[in-house]
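In what comes next, chain A is part of two complexes: it sits with chain B in the first one and with chain C in the second one.
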Partner chain A sequence: MTKKISAPETGICPERTNKTIPVMYYQAGLVIFIALIPFLFPSFRVMDVVAKIMIFTIVTASFDLLLGYTGILSFAHGMFFGIGAYSIALILFFAPNPSWVHIPLSIVVSLLVSIGLSVIISFFSLRVKAIFFAMLTLSLAEFAHILGVQWSGLTGGEDGISFTLPSVFNFNHSLGTLFHTEINGRLLVYYLILASTIALFAGLLRFIRSPLGRVLKAVRDNEQRTTALGYKTFGYKLYSIVFSSCTASLGGILFSMWLCYVNPGSVFHTAIMVNILLMVLIGGMGTLYGAMIGASFLIVTENWLPGLLKHMAAFAPESTLVNNLADRWQLYFGILFILVVLFFPKGVIGTIRSQMNLNRQAKQP
Partner chain B sequence: MRPEPIIETRDLSIRFGGHVAVDGLNLSVAPFVLKSIIGPNGAGKTTLFNLISGQYAPSSGQIFFNGHDITNQGVAKRTRAGIGRSFQLTNIFPSLTVLENVRLALQAKENIGRVFWKHYKAYPELEEKAYDFLRQVMLDNRYRADACLLTHGEQRKLEIAILLALDPKVLLLDEPTAGMSLEDVPAILDIIREIKFKRNRTILLVEHKFDMVMALSDSIAVLQEGRIICDDTPEAVSNNEQVLCAYLGGGVKHE
Partner chain C sequence: METGGIMTTQTLGVEKSRERIKTRINMGMGMGIFLLPLIWMDTTTYFTLTVAGISLGMLIFLIASGLTLIFGLMDVLNLAHAAFFAFGAYAGAAVLNGFDSLGWISTASLPESLLYLVSALLAAGLTGAVLGIATETLVIRKVYGDHLMQLLVTVGVSFVIVEILKIVWGVNNEVVPVPMGFQDSFILWGVFIEYFRVVAIVLGIGVFAGLQFVLKKTKIGIIVRAGVENREIVKTTGYNISRIFTLIFAAGAALAATGGIMMAVFNQAVDPGMGDQFLIFALIVVIIGGMGSVTGSFIGAVMVGLSFNYVAYLIPKMALGVNFMIMAVILLIRPKGLFGKE
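And then the complex of A and B:
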């Protein structure tokens, strides 16, 4: 029974060794491209869109960890994003003389709050049916939104909080120009976002490919069998929720730093949560890379579709019908979304992957 | 001197509404034997397995494993203690690969499930061991396929491989050959026989194939309506009037 049998010559799972190099090249190319964007496109608009795509890639990928890898539908994910955003905004707004120390401080605060809240949520509702968990998190997220609006003494209510970033990250702080581009605080924040996105995305990738992440996949696939293998699934789901909430709140910090402004509507609103859900569905659940596709698709269309439609409407300035149709950009977004779902039922990455997988398995004896 | 039983139930009962599926059952299983549990449909065989492995909590009574009361322990804890279980209805991870199905069982045993900072490939010995188990059940040529793409017989084999990978002290086999094609059955029987002859594990077997049970078992417990009506050697059981009535239908004489 314990005869030593060596693995076949190809190695037991040869995929990794064969694919590592090209994937790394793609990743490096993408990072270099994003890093060069401020120099390639002098318009702030492009930089703004790319920064938001990066932030939402992280938030969406961490949501995918929950939904796609563990099979938990939580509507409180947007709330953790908001917790991160508000923790840095409040700390920098109320600190008597903000310095760079307050940035790591707000990271610590938001992580502690996120860990605490997600543990409480899990203990209250993770043992019950999935639908109850979804409803509970939805009401909690709504509560956070109302709190943000009503507690105006702390949060500034609907008007939100504007703040300035300390030391080198201050947008008015200039270090001179390079290739006709001003090296200012905003550019530094952009690179901070890039570096954090790389680190957090790599962290998520490692998490899902770790022994723990493999157990999460098993939980999603067949929770009862996972238990019968000797895994206590509650603990594993708890890890997943805590890890993803923390990542989302870090995304919120980056979002807040990029805008230097936060209000309940932009971080706590249910629409944010719906956007995150759409991004996961467009990119593909359980793919992680799908988050990049989903975030890019949604944010690019949101930013440029209205403008594009206005340009098109300018060809027929007299027609009210054309102008009215051009105003309703969300209608076209809805159509685009339906098309994506029709042609990529498992999301863009998910559908491509399963197609490749089928081709590979068809070739096997 | 009888050896201390490895599995023992005392007055074990479970009720589903008004239906008493297992009724005051006293079963004791000596270590390192192969004991079969037979009985007509609805006699409570699978329910008994669910009680022993922890899927169901009993309405009353106790379960002992190696002399310890495990009545209030969960499924995961019992599995870690050494009660491994295969299921009557195939119960695998459909969207994971065949190799990964077995690797997860090995990983559970190694207690590295909470490691999140290392790549799972950092434990290549787990994959090699998993491959060995697949070879034992003759499934090694399918190791890269998704488990949902296997045929029914192959999925049953995978189920056995998962169970072997758990390295349990007690194996609960719930109709391991159910729904298998005839040419696949001998391979599974060989595996069961091999485990039995090593005499380092206890096997509890639920099976409908009467001749197979007679050939394999050290002892047989016959269940009817949630009670044990006979618990003896295969020869004694096959000559027991009550058993013949219950199992083969009234009035059939065994020649």
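And then the complex of A and C:
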């Protein structure tokens, strides 16, 4: 094996000096800030962006568990996200009179489907080489997209499905106002997303810091040696794949609940997968917290970049080329993607961490 | 990767011949399965579908061969292949549209049609080769030997190329003018066979034979295969291996691009997402045939093309699903694919 991507060390925390503020305070501050956002910013757009950032933080962090901690590249992560999104949409759409029971039901359904599919994929492809896994998942993800478009009797085809949430989560269901902000179903869904994000993120952190997570890192760094040490690496990889795809499908459920609408383009398309990849890479592979930075950067840019480019294109209204260049803002994401992979492979958090390590080494002679 | 390459070639001779016999038996059984559809259809339909299936298979082979060539020789899994395919389709379609605006397409006789198609193929191949050279020198060269980085970076390249394609040619589906001569057909044993299908089959077999010849019999093929085994030693003998790798990548991209224009004429339409749809076929074929084996992807492509056509006739909704089932069965029996080495 020639050079490998060295994902930054995360497992062993260096002993902290008394001067640094514990990470817990930062975490608590961030959670309180996000919880207050609906009251601080009355515009829906800010709330929408923050909710999507939270959802994609979860999806990206679970992808990071695969890519950064286990060293497996799966293109089916978007597919699992879509499975979650579609399971709740279909259940609430086709149920005769939807009630809150259908939400846990759809969670169970999507988890069962995700576990089943990821076990099947692993048994077929993990036996040979990691690259096989990438190929198989890519073709499966494309297949899922085609299925979503063509099986219009069930999925509504390209048009997708829109549905309403039951009982208290219904957007029209109001509980009165608090500090000039209406407490309605949408706000409750927002806090549901916040709570689930905290729970799932904590779960992921716990997962990678467990003995199992350490074995996964060993698999990533040198699979042969891990096998030689007596670990059955297949089983560990399987755990990682199942856990991360289940988390992704839960993220899909949250996404679907937030939008009350799904279509194949928004959950199954390759562009979603490319976005998730870019989020992981920008934040830093193998850092988990990088997912937050990647998701925030990408979703904020996605929301404001097209408008900005339109304004810039207005200076040259005649030129179709300029207008086309402004319309295809995804192009810049693609270029950014290549540049990040080639020149900034550690990502934001990874670079900061390795810099901090260097500083620490410089201090200790 | 160098040591891994040497180890695979040193398999024991006995095991090799045993493997070969096994493969023959399996292949015989595989052939038998393709007579199975005769139970549900008459021979004329079967024959028509077989011709259509083989020609579809040849088109898929054009895409898959480029993928497997790049993987087998350079150890790079190129996910930008679908983008080369789509770009080639658009470039070739632009040439055909140019001829059409001169009014040549709608009056073309068969030899003229062939001429137009060949020029479209050349244009597509050239575009593909240029794109391939650019991709290899700018991007891929920096990530040799690291599978994960290669996968990631080629995903990015694919995304960028498709976006450029949309900027140049727009996002909508477009009709591709098919030269008049190809809209005719001839009758063989009571079955109508379109000329274009024959062209596709001839081109596919030609590319297969050409690749085998170049890799096995020519000096450049020997250098390439030696370069895969051990780059450093080939370098010390004075060959510029990185230029050779660029050449392989360009050839693979050109194959994808020619596959693209052939598929565009076959379907009489192009759209920006067409690459993704056929990448599934190519990936299935490469997985079935074994990564890096040109023969494997030839056989895999024929299998996929045939089964797709038979099933599309019998149970239309299952057509793509059956290819996944074939892939699953083959992965269960031989996890490395029919002709896979590692």
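We take it that the second predicted complex is superposed on the first by the 303 of 365 C-alpha atoms of A that agree within 3 Å, B and C clash if a C-alpha of one lies under 4 Å from a C-alpha of the other, contacts with A are read in each partner's own complex, and residues count from 1 in each chain.
Heads up, the rule we're going with is that contacts are C-beta pairs under 8 Å (C-beta built on N, C-alpha and C of every residue); 3 or more make two chains touch, one makes a residue touch a chain.
Since this is a predicted model, take the numbers as computed values, not measurements.
**Student:** Taking the superposition on A as described, I'd like to know which of chain B and chain C A:Thr227 touches: first, second, both or neither.
**Tutor:** A:Thr227 sits against chain B, while chain C stays out of touch.
**Student:** Should A:Arg209 be classified as contacting the first partner (chain B), the second (chain C), both, or neither?
**Tutor:** Touch status of A:Arg209: first partner only.
**Student:** Quick check on the superposed pair: does A:Tyr239 touch chain B, chain C, both, or neither? Answer first, second, both or neither.
**Tutor:** first
**Student:** Tell me which partner A:Ala218 touches in the superposition: chain B (first), chain C (second), both or neither.
**Tutor:** A:Ala218 contacts chain B only, not chain C.
**Student:** I'd like to know which partner A:Leu73 touches here: chain B for first, chain C for second, both or neither.
**Tutor:** Second partner only, chain C.
**Student:** A:Asn357 in the overlay: touching chain B, chain C, both, or neither? Say first, second, both or neither.
**Tutor:** So A:Asn357 only meets chain B here.
**Student:** Overlap the chain B and chain C contact sets on chain A and report the shared residues.
**Tutor:** In chain A, residues 1, 3, 5 are touched by chain B and also by chain C.
**Student:** Can you list the chain A residues touching chain C in their complex?
**Tutor:** Residues in contact with chain C: 1-5, 67, 71, 73, 124-125, 127-132, 134-136, 138-140, 142-143, 145-146, 150, 270-271, 274, 277, 281, 321, 324-325, 328, 330-331, 333-335, 337-338, 341-342, 345.
**Student:** Okay, in this complex, where on chain B does chain A touch?
**Tutor:** Touching chain A: residues 53, 55, 74-77, 79-80, 85, 87, 91-96, 99-100, 103-105, 107-109, 112-121, 123-124, 127-128, 131-132, 135-136, 141, 143-146, 149, 162, 166, 194, 198 of chain B.
**Student:** Spell out the part of chain C that touches chain A in their complex, as residue ranges.
**Tutor:** Interface residues on chain C, with respect to chain A: 1, 77, 79, 139, 142-149, 151-153, 155-157, 159-160, 163-164, 166-167, 276-277, 279-280, 283-284, 286-287, 291, 317, 320, 324, 327-328, 331-332, 335-336, 342.
**Student:** For chain A, which residues count as touching chain B in their complex?
**Tutor:** Interface residues on the chain A side: 1, 3, 5-7, 12-13, 16, 206-207, 209-215, 217-218, 221-222, 224-233, 235-236, 239, 243, 357, 361, 364-365.
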